[in-house]
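As structure tokens, here come the structures.
In the two complexes below, chain A is the common chain; its partner is chain B in one and chain C in the other.
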Partner chain A sequence: MAKTVQCELCPNACVLENGQHSRCRARMNKDGVLYSLVYGKPCAVHVDPIEKKPFFHFLPGTTAFSIATAGCVLSCKFCQNWQISQARPEDTDNYDLPPDNVVRQAIFYDCRSITYTYTEPTVFYEYMYDTAIIAKKYKIKNTMHSCGYIKEKPLRKLSKYMDAADIDLKAFTEDFYNRICSGSLKPVLNSLVVLKEEGVWLEITNLVIPTLNDDMKTVKEMCKWILKNLGPDVPIHFSRFFPHYKLTNLPPTPLETLTETRKTAMDAGLKFVYIGNIRHEGENTFCPKCKKMLIERIGYFVKQNNISNGKCRFCSTSIPGVWS
Partner chain B sequence: MMTRREFFRFFIIGGILSLLGKKVNAGQKPKEAMFWRRID
Partner chain C sequence: MGHLNTFIPFIVMGITSMILQITVLRLLLSTFSGNELDIGITLSFWLIYVGLGSYVGGRIRLRHAFTLSFIVVSLLAQPTVLMIKAIRPALSLYPGEAVSFTYTILSTAISLSPLCFVIGLQFPLAVSYAGTRDAAGRIYSLEALGAFIGGVLFTFVISGRLGVMELCFSLALINIFMAVYISRKKIITLLIIIPLFFYISLCKISTSLPWHGIEPSQTVESRYGEITVIQVREQSSIYVNGQLFFTYPDIPSEELKAHLSMAFHPSPSKILVIGGSPGSLKEFLKYPVDGIDFIELNLKIVELSSRLLSQQEDRDALKDRKVRIIVEDARRFIKRLKKPTYDLLILNLPQPSTASINRFYTSDFFREARGILKDNGILTITISSSTGYIGRRMQTASGSIYNSLKSVFKYVGVTAQEYGGLFASDTPMNTDPETLEDRFVQRALKTRYFNQYIFRDAFSPLDVDYVRKRLSDIKIINTDLQPSAYLYNLMLWAEVHGGKALHCLLGIRGWHIISLSGVIIIPVLFLTFRRKRRVIYLSIFTTGFSSMAFMLAIILAYQALYGYVYEMIGMLSAIFMIGLWAGASLCRNIKNALRLLFYLELMTITLAFTSTIFFKSEFLFYVFNLLFGTIAGGQFSTANLSMGEPEMAGRLYGLDLIGSFLGAFIPSIILIPLFGISHTLLFIVGIKTISAVMIVSLRAKVI
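== the complex of A and B ==
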């Protein structure tokens, strides 16, 4: 009897013969059953400021208990965590940390949220899902930083327990996704819309890479798409690229490119546009109405917060986000 | 609501024990995946 299976979790839709490992390295067909090899076995466990994810409109100034396992559904040439994202789970140092222990540790370390991050949480979906259910029971919020490369059905199921998602919108062309990440753009756009529909608090991160995705015409198109499909309130983080992994031939993103990108996004109508991985006033939150500074940040740390009950302290304008 | 007993069992004891977490190999006790199908 043939024992071939097909994974229905991400758009890669791996077809696996008996004994074969998946493209994401975290799954395997054993005797005709598909297994997750990383359940309860994170290779990275840290307590981080929530700003590091980055979330700027979600419980600012709090800490997030952050976990990841080995593996990823994409293979981005610029990956900053490639040592674990492109590794097999057998090759990483893993903790034995079942879902109830994750929640226990989050509470022990006084974290308001658990973040599924660093690699791609889709590869440890079952672990994330079970942990999120327990966390919810104990009033710990769930957040994820994901590339959004996941099928709609599992994403909708997960959304019931996910409070916030930061999605990497890596570029706005299929060519970039094909050539640089070995993936495609369309499923990511679909995930953004699904998360919005499901009421998950959404932020977007775009790593600006010199010559690869810094064309302002395409940036403008991307921002117009966000405005039309997700609305003007979704915060977007333009992050500075540093040479990593297979893209060591490119220079770090110049500050001028980042400020131009930010201006393009704001001119397109997005209200909360940030610059990351570099010290700049674009790290701060400003009231879209009275223009006063609401949250002053220095790197990942909040220096002052002028949002009170979700409103600007100066002009009482409601500021979108999850503030308590 | 969490009882006092649950609090002790879940957080204090568990928190301390889990701090002693040991490194293990992945795949020792694999878990069946949630989204897949047979294509025989």
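== the complex of A and C ==
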């Protein structure tokens, strides 16, 4: 029994016998040593607009070199990336792309940042960490889109190199996390607070799923929590659900639900509330003071940007974010 | 005993069992999102329970057992329906979540057991009730006649008119009256309270039960399946057999569908839209078009969706002179049209996860579609979308559609994976994002969500290249009789639900089947060679197997070619039953039974070989089914006669049943989906050749 190991990366805290794989499928106990099975082996490599991640207050109009490996710490029934998130690394067709090569490619494609995204970057923590160190040397920013299901210690360590994080706050009830994602809410809330403390630029994404998490009372509670613990400046993206994975036959989110969610969040006091996956006024950034349009977006494209030196061009109010 | 007594109860038996069979088949089909694999699974369990019941029934010596059996059937009908409707909530599935393969089999097996067992009990009880030894044949014929009547009634009278709960309530009443009629005990009438109670108390919950408590705003029975409307705020979603067809209003999707497709063509003037939301019509009308034909095969969907149109512009679009709504099967419509008519053909259907939808993703269909496109006409199709990565299963499923298109059209293009678009033409199409963007801007259309920047994203060269490379790796072609896209969508289903069982099954290759058959056949040949009794056992077993396999091949071929098995399954079963009965009656007094058995074997082989001729028209399908039923019925009769030992009838019946069970189970989950209908028919030819050869081995000795 001496060869049993426990993974300390995420709240699943898998205890693995020799030869056993972790729940995220990306790690394995070989003779008492925990190995990452995905280091340097991404299966998804793309050049995307940063708005697609989505980051709206982080180098708008630039592209992000985006990578992901197979595996995820959760198993959400609505996952749009289930083909990699719920797959074993040996079942996906992977590239051979060690950290230095990722940075090289990012420079080649003229990307200002590298995003660890699509699946849950926590599962390829070591790969992400090493890549982030090299990227920082070459003045390339590091960003991640994560579910925030990670333990505090590794998250704090990673935060030294991470410039921005978009965290999926999938719902605001333990019940939802439990039934739909096979996880829990508390560690996610903790990660949000930790990232804020560590000074990582933070944005939040909430996928609004009809009948599952579209109750306005809970949305209001969630926004109040964000206001109290993270402040009013954190941008939040409410995105439209499209049928995916196990919920392929659930209807897409009605537009009214999204606009009502946005209104609820703004009424609660959040300053930057966006609607994602759909063309709407809620795609644009408005100055919280003079209410003028600062960034006009159409889809993933920036049509105009009225922020200079981090300030509103019209009234000079500081706009939180990373702008250069 | 009155004169009527000698036949009415037996006919009612047949009617009840056929109607219940069709009802549960359709209910299970919609529980499992319209997946036709379940037809075979349901039929095989139905057979095995009925067989078990019949075995037990032969041993029951209760005085009023026959009366009692009618009462039990009447009391079980509604709970069985309710049990099937409760499968989804019991597995804690959300609306739209598909059932895994293992649970499909398990829940079918469990929900059918009590009712089918009792239905099986009835036959031997009826024989002992009739009192005479030779009654079995007569009751068999009457029951078959009843089944035929039941099938016809269902198809032409009940289907689309009576809801499941009303139907089961009526059946319960009829069976209670039957019990009263047989036993002459009027007191039994009081039992009506129970089905009445069920009807009143369960009618309401039975509609919302499969939807996890969401109350559907409408449920309508149609030829092609059960249509349900789920309303979330102002938005309605239309489901057929639990599968989401479209959502209305959903302007972003309606706009995307229309404007992305329209941008490919420099001057689209005549457009054919197959299926989907009528909400997209107003988008097409923004162009200077000559005509838009919108075709939907299901009249009920057209009626329902035109009632749902909440936006004025959608109602106006429907009335526009340029818009023509056609209620017909699009394949039939296109086949008849023949001449080049359209600039753009937009296929707006869900993914081919059922055989009935797969018929619009086959190379046969693409060829027909090509025939009605003008010179620079374009066909557009939507495949599964994804982000980041196209997994191997999705790659195979979408790749087989892509490759089928490529086998027909000279040029096939793709979009970035998030958009899941495929488009095909015989003239080169310009898909440079800037050209498309310019074309869209020049047309100066007013859109709410669609914008010119979408082209940059949907046709970003890196992303398009990724999709093309991924799909090009697949070399499979999806055809009507070898529906591979349907199969790969099943694989995708298996991957989504992580079930191991389906994965194993899908790994089966042709050589596995051939070598396994060899291992089984060689000892069978040794054991049966020139042994009369064993040869007859073999013949009856293969008859059971091939008749069910045939039946399923017919059902699925019918679905692949015409697409409305949901409505016609009653007719197909009824005709097969009447064939069985006719065959059995015709061969009752034959002198040289063994020789006839041999000829019947030859006829089966010939029929299986020539089956594709019968697939040419709908009418011939029924002829084929009738012929096959008759031959199968004749085989049972002649096998029994050849045996010459009436006491062996039970054993023959058992073998026939095992054959039928395997004949429903193996083809429906392995042979048909993996190897196609033609190969399944060849498999039948193989099996029947062996049993014919074995009869020949006897001829030197006996004949």
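The working rule: the second predicted complex is superposed on the first by the 323 of 324 C-alpha atoms of A that agree within 3 Å, B and C clash if a C-alpha of one lies under 4 Å from a C-alpha of the other, contacts with A are read in each partner's own complex, and residues count from 1 in each chain.
Throughout what follows, contacts are C-beta pairs under 8 Å (C-beta built on N, C-alpha and C of every residue); 3 or more make two chains touch, one makes a residue touch a chain.
Note that the structure is a prediction, hence the values are computed from the model and not measured.
K.L.:
Check whether A:Phe108 is in contact with chain B, with chain C, with both or with neither, and answer first, second, both or neither.
P.N.:
Only chain B; A:Phe108 stays clear of chain C.
K.L.:
Is A:Ser36 touching the first partner chain B, the second partner chain C, both, or neither of them?
P.N.:
It touches chain B, and chain C stays clear.
K.L.:
Is A:Met293 in contact with chain B, with chain C, with both, or with neither (first, second, both, neither)?
P.N.:
In the superposed model, A:Met293 contacts neither chain B nor chain C.
K.L.:
Considering only the touch criterion stated at the top, classify A:Leu227 as touching first (chain B), second (chain C), both, or neither.
P.N.:
So A:Leu227 meets neither chain B nor chain C here.
K.L.:
Between chain B (first) and chain C (second), which, if any, makes contact with A:Asp93: first, second, both or neither?
P.N.:
both
K.L.:
So in the superposed three-chain picture, is A:Pro210 touching just chain B, just chain C, both, or none of them (first/second/both/neither)?
P.N.:
Only chain C; A:Pro210 stays clear of chain B.
K.L.:
Who does A:Pro154 touch here: chain B (first), chain C (second), both, or neither?
P.N.:
A:Pro154: touches chain B, not chain C.
K.L.:
Find the residues of chain A that appear in the contact set with chain B and again in the contact set with chain C.
P.N.:
Common interface on chain A, chain B vs chain C: 43, 92-93.
K.L.:
Once bound in the complex, which stretches of chain A touch chain B?
P.N.:
Going by the criterion above, the answer is residues 1-9, 15, 27-28, 30, 32-41, 43, 69-70, 89-90, 92-97, 100-101, 104-105, 107-108, 125-127, 129, 138, 151, 153-154.
K.L.:
Can you list the residues on chain C that touch chain A in the complex?
P.N.:
Chain C residues touching chain A: 33, 94-98, 214, 230, 232-235, 237, 239, 242-244, 247, 250-253, 386-394, 448-451, 453-454, 456-457, 462-463, 466, 495-498.
K.L.:
Can you name the residues of chain A that touch chain C in the complex?
P.N.:
Residue positions touching the partner: 43-44, 46-47, 49, 66, 68, 77, 80-84, 86-87, 91-93, 117-119, 210-212, 240, 243, 245-252, 254-257, 278-280, 298-301.
K.L.:
Which stretch or stretches of chain B touch chain A in the complex?
P.N.:
2, 10-11, 14-15, 18-19, 21-40
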